[in-house]
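Here subunit A shows up in two complexes: once beside subunit B, once beside subunit C.
For the complex of A and B:
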């Protein structure tokens, strides 16, 4: 039905021409779901934009053919393409809230598409739009018709985007990272809905994702992309079980999954022996009846409703839960950037929860509790180079100057595996993994006893994530730090943490040793979380033998 | 939709403390001005006694709180006091001069928007094309030439050399009669009167000063429109709209432009504020009987009542403009609720 031959896409940039896609070919049969997987920059999204001919300015198809039901889409006129878009091929995007016009009612946005393609008239558009919303199982569709995107949850917005895409009954749907940024249970709901709709309507689909588990679960066939080329294609069950191409193997290896050791994520040639870390018996941090209430527009919001837990010295504790469960509020209170409403935070035998956040800035213990932030790009000052970013806490809290400061920064760079020549670079000149290293280096600059890691790998590709997770494991063993690892990814938590705390609606629903909680969850919510996580592909036989060694 | 009006009403109530603050500050500011009005008005040949007489007549011999009380009482009755310079009530002066300034400012802003917004949109859509470059040249020229210079240049070309424009002396040539006063805007009043001759006369007089001001205000509006359109056009929802097959027209105006409108409206409000202030130079060049030149003269002569009246009128105008801008935000963007501010 869709046939892509030797497709190349080039972008004109200030630094000359960049080939984003370099001669890829694939076919799609009616009713088939093809998954395109790859890491960022592999050209998977650009491929889909090229099919739809909605490339950004400066981008063009430099060679190849795209044939859709016998029609040449590359040669089609712009007005002919408009007939195809939305009516025959439609697309859904990542970050659904941004993908909808923020100041137009969702119902009207659906009407726009329906009327554009002659599927509704002025008289029946309203009714048809509500039908489209009902098709994606939105409750109270007539009421939601009048909602603006900002009034809907992320999952609801993605349903609206799907409704928009399916409104005119297309034959092919392209989903570009459809669930990035959604919670894990929402992700499952959205993917299941999408799968059902595709099957019911006998449509074909292309699902673009970086998540191998997701791709393996929902696609019939997979294509692995790297640097603008397809390196391997195959049936989804088969491809990951027996990867032929080294890159596919690397991806599969790097994907966190149950039953492997953290070292197994790395390619075999750079695996180092696992360093054990000692969990002491002494409690480093005790949280007692911690409560945070925010004043809200419609009454107070109870973000954290009295939680209790203890973190022992040298222990790594995972804090998991979905957005809005209070895990970020909790970590902000522990790192003393936010004042608790009530309750106590006992650190190293002293109550610090009562010290106002501004005063704690000048407290001697400020350097002992540090944090690695979620988005390495946003949390670094864009006008500070890597050296200054790492040196800042040393200057302010460590009172280091001159040669001693330079020596310490170099030492930290070495410790976190950041090449020394990169210290003079600015954040925009560093890759995601390098920025993550800078973020970690500055957090450990003052030799903290307790480090809070707020989804430190959420924005990273799996292969980089594997390296950063291993770096964190090494640092923990070498420096004897205690971690609180905040994450939504249960598989990552399983790899790194000894103990896990599951939060829902501001309360701890379950906590215990990682293996016990993950393998035999007692609370239904923990079970739901574990079930919602896409099952990563079965590890290839070779990796298993490696792990056994 | 009664719930929608409640926040608007609340926003209106919020302006009351601002207005009270403005009254106090305008009073205090005027007292803080250097120069003694009593000495000024007693004249060259004044004796200490006559100065004291004038002081008593002006009410300046009383204590500040007393003066303020008297000022407020008069204000509540709509009495802004007597201008010593013109000898007329300040309210009357403002009532004749404010519409003149407003007519000029609004016409120039309208003109400016009519050119700047399409230009900005075009420049954004065809980024890097000749329209974009033209926009950049026009914008740079607009801000870098001071208004009194463009004004004089326009007079030189269109009045002196070409003779197309009437003599730059006020709002209406002496051959016409002032239209019967309804709004104080000559263009509107003459139309209401059905007097097309006066209308064209007034329009001709208005053209040059309005163009002068428009050239000056073109820059920020065009720049902001271009930037806002570029931001809007590169958003995810534009890509969604394109992928859904909507026409470029619908995408551009229905989706991008409405989203770009918000920063443009903000800029418009700011431009309006500073143009009302920058008016003085243009009013002087074109002998326009506006509020700017009135204020400068009052200031030079330490005419307390007139200065106070001017400051108050301007402040109220700004409050009103901000209110209108806030209300139009709410119309454009459903995300903005008044209660959140």
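For the complex of A and C:
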């Protein structure tokens, strides 16, 4: 139905021509779902833009053919393409909120599309729009018809976007990272819905994603892209169980999944023996009845509703939950950036929850509790180079100057695997993984006893995530640090943590040793979270034997 | 800031400047013109052929010639000498006015953007009040009330420009107040004030530089405008605005050069500053330093 032959896309930039896609070919049969998988910069999104002929200015198809039901899309006129877009091929973008007009009711937006393509008349548009909302399983569709995008959750917005994409009965749907930024349970709901709709309507689909596990679960066939080329294509199960290309193997290995060890994520040639870390008996941090209430416009918001837990010295504790569950508020309070409303935080035998955040800055224990932030790009000052970023806590709290400072920063760079010559670079000159290393080096600069890791790998590609997770495991063993690992990804938590705390709506619903919680969850919410995690097909044989050893 | 090698950093700045000038010919032109005006302001008064204040009734209203490049005015003063000597006064007024509004606008805007709440609300209403007046009329009122001196022209120009800086800084600080690097700075032991001053505020500099350069041209026009309407520098002091005002009376009688040349210099100066904006921004933006 869709046939792409030897497609290349080139962008003109100031530094000359950049080939984003270099000669890819694939075919898509009616009713088939193809997953295009790759890490950032692999050209997977550009491929889909090229198919729809919506490349940015400066980008053009430099060679190859795109044929759609016998029609040449590369040579088609712009007005012919307008007929194809939406009516025959529709597209779903990454950020659903940005795809919707913020000042129009969602029902009206669906009506606009229906009427523009002659699928509805003024008389029956309202009815048809509600039907379209019901088709994407929005409860109370007649009521939601009048909602504005900001009144809907991210998952609801994505359903509306899907309704818009399906409004004209397209034969092919292209979904570009449809669930990035959504919670894991919402991701499952949206993907299940998309899968059902695709099957019901006999459509074909192309799902573009960085998540190999997700693609393998929902697609019939996968194409793995790297540097603008397709390195391997195959049926989902096959490709996962028996990757032929080394890059596919690396991606499969790096995807966190049940039953593997943290070292198995790395390519075999850089695996090092696992370093054991000791969990002491002494409680390092005790949280007692911690409460945070924000004053809200419509009454107080109870972000954290009295939680209790204990973290022992040397232990790695995972704090898991979906957005809005209070895990970020909790970590901000523990790191003493935010004052709790009530309750106690006992650190190393002393109550620190009552010390105002502004005074805690000058407390001797400031250096003992540090944090690695979620987005490495956002957490580095764009005006400071790597050296200055790492040196900042040493200058302010460690009172190091001159040669001693330089030696310590070099030592930290070495410890986190950051090449020394990169220290003079600014954040925009560093890759995602290098920025993550700078953020970690800064957090461990003062030899903290307790480190809070706030989704440190959420913004990273899987292969870099694998390296960073292993770095964190090494540092824990070498420096004897205690971790609180905040994450939404249970598979990652399973790899790194000894103990898990599951939060929902500001409360702890379940906590216990990782193995116990993961393998025999007692609370229904924990079970729902575990079920929602993408389940890639059986891991490759090599990894299984490794895990068994 | 860097402990690595301070000398290397200053060299880096120079090569960075060279890179920016080569990359964009318009920026190079504007920096060249800027150097031209600064040179005039610094040494112009010793290089000009005539005393800008010396009158010579015999030579009044002479058209441009080899002896008097820009001609002479109604009192026989050399227009070229007066135009060149006026550069220092006009640049001083605009640079000082812009500097004052930059500093006050930055402080007010940064405080409002970082702490928000009632402080932000009060400050915004005050700025709204200033901006509710036609700004030139406000400046006229300030000078008329405080007295007709150069300092008061500077203050008046500064006051009417403060809201523009405060607004830009407020917006830039506000979006970065909860940024990861600001939180990280606090974990490194920086107080709110230090975080704001040394971590967040410098990130507002690139857009501020565009504002500064646009504002410089505007401040020159404002100062010249005040003098033009008679509220500002008094004759016989050479100043572009007065010279245009005086020369305007003679255009009708065909003595166009008396008003044209100071007007042209004024235009060229405003043009220069307006073109410099992008170059200045690139200069302070580390992302451009690759």
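In this section, the second predicted complex is superposed on the first by the 542 of 549 C-alpha atoms of A that agree within 3 Å, B and C clash if a C-alpha of one lies under 4 Å from a C-alpha of the other, contacts with A are read in each partner's own complex, and residues count from 1 in each chain.
Just so we're on the same page, a contact is a pair of C-beta atoms (placed from the backbone, for glycine too) under 8 Å apart; a residue touches a chain by one contact, two chains touch by 3 or more.
This structure is a prediction, so every number in the text was calculated from the model and none was measured.
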Once the structures are superposed on A, label A:402 by its partner contacts, choosing first (subunit B), second (subunit C), both or neither.
-> second
More residues of subunit A in touch with subunit C or with subunit B?
-> C
For A:82, decide between first (touching subunit B), second (touching subunit C), both and neither.
-> first
Once the structures are superposed on A, label A:361 by its partner contacts, choosing first (subunit B), second (subunit C), both or neither.
-> second
Who does A:457 touch here: subunit B (first), subunit C (second), both, or neither?
-> neither
Subunit B versus subunit C as contact partner of A:209, first or second or both or neither | neither
Going through subunit A, the residues touched by subunit B and also by subunit C turn out to be none
Partner subunit A, residues of subunit B touching it in the complex | 127, 234-237, 239-247, 250, 254-255, 258-259, 332-335, 339-340
Hey, which residues of subunit C end up touching subunit A in the complex?
-> 1-4, 179-181, 183-192, 199, 202-203, 286-287, 289-290
Would you mind writing out the residues of subunit A in touch with subunit B in their complex?
-> 52, 54, 56-57, 81-87, 90-91, 93, 95, 98-104, 112-113, 116-117, 148, 150, 161, 164-165, 297
Subunit C-touching residues of subunit A, taken from the complex the two chains share = 335, 337, 358, 361-362, 366-367, 370-371, 373-375, 378-385, 387-389, 391-393, 396-397, 401-402, 405-406, 423-424, 426, 428-429, 439, 442-443
